[in-house]
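What follows is a pair of complexes built around chain A, which joins chain B in one and chain C in the other.
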Partner chain A sequence: MMAIIRRDFRSYFSSPIAYVLIGLFICIMSLFFVDSLNAGVAYFTSNFISSMSFMLLFIVPILTMRTFAEDKKSGTEVLLLTSPVRLSQVVLGKYLAATGVFLVLTAASLVFPLVLLIYGKPDGATLFSSYLGFVLLGMVFTSVGIFASSLTENQIVAAIISFVSLFTLTSFSYIGSYMGGFIGKLLNRLSFMDKYYEFSAGIIDITSIIFMLSFAVVFVFLTVRILERKRWSQG
Partner chain B sequence: MKKTGLFKKKSFRYGTYSFVITAVVIAIIVLINTILGLSDISKRLRFDITQDKMFSIGQQSIDLVKGLDKEVEIYILSSESSYSNLLVTEVVDQYVVHGNGRIIGPHYVDLDKDPTFISKNFDPDQVKGINSGDIIVRCGNNTRVLSNQDFMEISYDYYGGAYVTGLKVEQAFTSAIKSVTAEKINTIYFVSGHGEYKSDDLSQLRSALSLNNYALKETTLTVPVPEDADVLFFPSPTSDLLGSELENLLAFLERGGDAVFLFDVQSTIQDLTNFNEVFSRYNLQLNYDLVNEFSQANYLKENWMIRPMVYMSDVTRNLNPDQLFIYLPMSRSISVLSTNKDNLEVSPLFGSTDDSTAIDLNTGVQSMGPFFLGALSQMEIGTSNHSRIALIGNCTFITDTYMSELGDNGSRYIVSTLNWMQERADDVMIPAKSLDQPPLNMTEQSRVFVFILLIAVIPLVIIGTGLFVWIRRKSL
Partner chain C sequence: MIEIQNLTKDYGRIRAIDDVSFTVGKGEIVGFLGPNGAGKTTTMNIITGFISSTSGSVRVAGYDILENPVEVKRHIGYLPEQPPLYPDMTVSEFLDFCADLKKVTAREWKNQKKDIMELVKITHVSHRLIKNLSKGYKQRVGLAQALVGSPDVLILDEPTVGLDPKQIMEIRKLIKALGKNHTIILSSHILPEVSAVCDRVIIINKGRIAAIDTPENLSKKLSDFSRFTITVAGPESKVREILEGVEGVKDVEISGSPGEDETCFIVEADKDSDVRRPIFNQLASAGYPILELKSMNLSLEEIFLQLTTTEVKEVV
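The block that comes next holds the complex of A and B.
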């Protein structure tokens, strides 16, 4: 599995896509970081925090759309599906490679708290929990992106499915408050954004961590099932 | 035959197996999350790691709820899915966690869906003016309503603009819980009939008193003071007591009642003989004058806008006068009489400096300070009872108009005075949690430098590296 992680992780950085995504992410987030600079306060504004998650809606589909389609294009898909490595290891390896790229992006974004630390005394614990929430959100989004990529051979279609799915997931809270009742309550419980905002506010909720990780596990598992089905249907 | 063939098909068997295993895995994960999501468990697995513990409650509140022997219910008048005040829900959860099952809730009630909920379940007098989004704290028949305003500490800028400086969610809830579970709530009667300020002029003070568990009522002194009265509050009477009113007031004080007297400077000469008759019993005297302060550190712009010296007493001990400063606009002085009375203890509250003067508005004679601008007096009645009064030569400083411009610290002194009178030394003194954010110490130059670095230099370096790697690989 390590070989798959290494291979996929390297492939992201052997094309300009990861660099461009990270560069654009830093550039666009800087526009929102100006709020903190102009206000002269050593903390992330709510605008900055919500923009970080909003950016993931675009970044993750682009990052994950090629996960399985790329293998099909390069002809390595058959090798992977017929290799002695278990399919679950293949999927997990690809998921961890994509998550690794996301973590590199997250690490690059640490320039923002670094500025706050150099010029002020921010609440370090809250910054930490903000980033914990961001990483968990990224892991959930990546699992959905990988799943979407396994559904189709077309990268663009995979990106669109991924974006629509993530957009729907992030709208749970809004839809829930509109619907009310049991469904509203359920959607609120499932809302990743509410959980992310709680982390950003400085609340570490163990149940939220477990929930987000298990959500990622479910989508990685579903991806395995989809590919298993493909393997069986191909004989 | 066909059916048997279908079951024998490899893809069907695989499909069934795949479906079952998927369902089982998802069911296990849902089950784990459902168990963890049970409110009793999930509330204990949340940790507030903010520097100022914004979402936590202090030991004072924890001790209060741990010691409760009655159930307290908390209702949030909103649907759960649309209620978004994280601070309130987190703090309420903390009370529930520490309450050993005595704090129940929060129950979400959507008034749009259940418009009769209030009328069916609550005494309409106790929930007057309630709105959607408000919170009800109830214990038995006692009810307290909290609105968003009760959760905010508001300050005012130089031009009168209001802004939120702190959050007092914990203070509001602890006060409310203490209030609804209290065996007896102290009642303050606002006295009218002598040109006093009206309720509308003192709404901020009244709100602060309610938050500190005082029941507020109105009365005149033409009738005997009601039995449930603990304190009489005189917000700047401009005319004197009638003989019968004096008798009713003295009867109340003699049975151990307390009173707060606040007097503004009078524009016309008014004989306050009967009031002074009451004060003289407590070795105090209200003067008909106007005090001006000339010590630069003790006035604001005008000599009559006095920042008084605050004397250390049981009233001010829990406050921090150095930070909790007040300005008294146009004050009159209070004299402490030297009559020797064993059962009296007089202590100054506010004062002016040696550099102050007082002009007698009757004679025009000017005298030099220092002067007392407020004083406290306690009279022992028998061996186990006492009557306490506070006399302050200003009332404007607790009016809405004034507090909107120069802050509401005055109401804190009044609350503390009342707590002293009612011997509520252990009362709720939970400070508001400041919303001040740590500053960034940047020059304009460094701000521009950082901005260019973040928006252009770092992204270009990253993208440039990517292009370099890509071109190099292509040319290999």
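The block that comes next holds the complex of A and C.
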């Protein structure tokens, strides 16, 4: 599994994709950052990091879209699946590699709070919990992206599927509050965005951490199932 | 080393392979021969655990592919039709990755890597990116990948396709050399290639095995015998006795039992004597009705024809 993590992680950086995505992300966020400086330090943790999460809606689908499509195209899927490695290890390896790239992106974005720490006095604890929420959210997003890429051989389609599913998943609490009733309640319960907002408000709740991690686990597991089913399929 | 039993694979309503059974002994080189679309790749994909079968069983080195896939995969090196390579890696990086993936220990790998690269003659390109290599070199790197971890069994899907004649000769020589230490299954749609390299040939057509034998015997059979499949309702041993008693019949083999009390035989007979009438008469008088009687010659010859003409086309 380590082999797969290493190779995939390196391949993100041997092609322009990781650089372009991270560069683009930092560029756009800088614009937001300048804006948020006018609004004060408290604004930073609550709104700035939220807009970073919003950006993830676009970044993560592009990051993950080629996860399985690329292997299918180059025929290396056969290599992975005929090696003495379990399918779940292949998927997990690929997921962790993509998560690794996301963590590099997160690390790059630390430049913003660093500027704040030098020139202002942000609340360290809130900053930490916001970032924790951001990382957990990124992990959930990545798992959904990986799942979408296992559904299709076309990278563009994979990106669109993951964007749409992420968009839908993140709007669960809006949809829920409009619908009301049992379904509304259910959607509210499932909304990881609500959990995420708790983090950016400075609340670290262990159940929220577990909830978001299990969300990621479920999607990684579903990815394994999808790929497994493809091998057994009659068509 | 490899035991395949009643393997069947359906793609929707299309049966890609149908009731395929054979075994391959340790150290044997077996050729899988058949026209395009005969089911060679599908069978290989199932043996290597890349896809699953609809029914039937595969055992490699004593392990079942469904019960113990990781153990089976540890014993197999697979070169698919399209060599599985990451274009953005160098040859050396890629082989390191394969070794990692196949859990070869670092110390073992240090010695093995050099040997493998020398064996397939890629040492001088080891620091080049795979995407910049020619087709012939890509094929060699693919073969090197299959050799990583020195598996007992090598499965090579059309290893010489797309290579120039000189490279083809080299690869064939290499496969022969590898056959000393490995059990090899290779597929091809070119008859002379298989007879040059293999100890035994499995001819497969439309998903069914048409013949299994040594290359020499196969060509002999083609010229000397006529072959039939015959399905008879009646007790196996009695029917067999009668069939063997018919004048002109050389060999009787049981190929399956399609229904209760029904047996399917493959009968070989002298080319000059028509044994169909006496078979009918004798079975009829014994009270065992013939359910099906079919000449196999045509199909086998057809396949051979197809195979030999492909070679001619490709060489010219």
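Simple rule for what comes next: the second predicted complex is superposed on the first by the 225 of 235 C-alpha atoms of A that agree within 3 Å, B and C clash if a C-alpha of one lies under 4 Å from a C-alpha of the other, contacts with A are read in each partner's own complex, and residues count from 1 in each chain.
In this text, contacts are C-beta pairs under 8 Å (C-beta built on N, C-alpha and C of every residue); 3 or more make two chains touch, one makes a residue touch a chain.
On a predicted model such as this, the values are computed, not experimentally measured, just so you know.
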| message | With the two structures overlaid on chain A, would chain B and chain C clash, or do they fit side by side? | response | fit
| said: Which partner chains sit in contact with A:Trp232 here, chain B, chain C, both or neither? Use first/second/both/neither. | reply: both
| task | Considering only the touch criterion stated at the top, classify A:Gly180 as touching first (chain B), second (chain C), both, or neither. | result | first
| remark: Once aligned on A, the angle formed at the Cα centre of chain A by those of chain B and chain C, in degrees rounded to the nearest 10, is 160
| Now for A:Leu80: first (chain B), second (chain C), both, or neither, which partner does it touch? | second
| said: If we overlay the two complexes on their shared chain A, which of chain B and chain C does A:Thr223 touch? Say first, second, both or neither. | reply: neither
| task | Have a look at where A:Ser14 lands relative to chain B and chain C in the superposition and call it first, second, both or neither. | result | both
| Just chain B (first), just chain C (second), both, or neither: which does A:Ser214 touch? | first
| message | In the overlaid three-chain picture, which partner chain does A:Ala3 touch, first (chain B) or second (chain C), both, or neither? | response | second
| request: Could you tell me how near the closest CA atoms of chain B and chain C get once both structures are overlaid on the shared chain, in Å? | output: 5
| request: Please write out, lowest number first, the residues of chain A touched by both chain B and chain C across the two complexes. | output: 14-15, 232
| request: State the interface residues of chain B toward chain A in the complex, per the touch definition above. | output: 10-11, 14-15, 18, 21-22, 25-26, 29, 32-33, 36-37, 41-42, 45-52, 54-55, 79-82, 84, 86, 90, 110, 113, 437-442, 446-447, 450-451, 454-456, 458-463, 465-467, 469-470, 473
| Once bound in the complex, which stretches of chain A touch chain B? | 13-20, 22-24, 26-27, 30-31, 33-34, 36-37, 39-43, 108, 111-112, 115-116, 119-126, 128-129, 176-177, 179-181, 184-185, 187-189, 197-198, 201-207, 210-211, 214, 217-218, 221-222, 225, 228-229, 232-233
| message | Quick check: in the complex, which residue numbers of chain A touch chain C? | response | 2-4, 6-7, 11, 14-15, 74-86, 231-232, 234-235
| field | Interface residues, chain C side, partner chain A - complex | value | 10-12, 45, 48-52, 54, 70-71, 73-74, 76, 78, 80, 82-89, 97-98, 100-103, 145
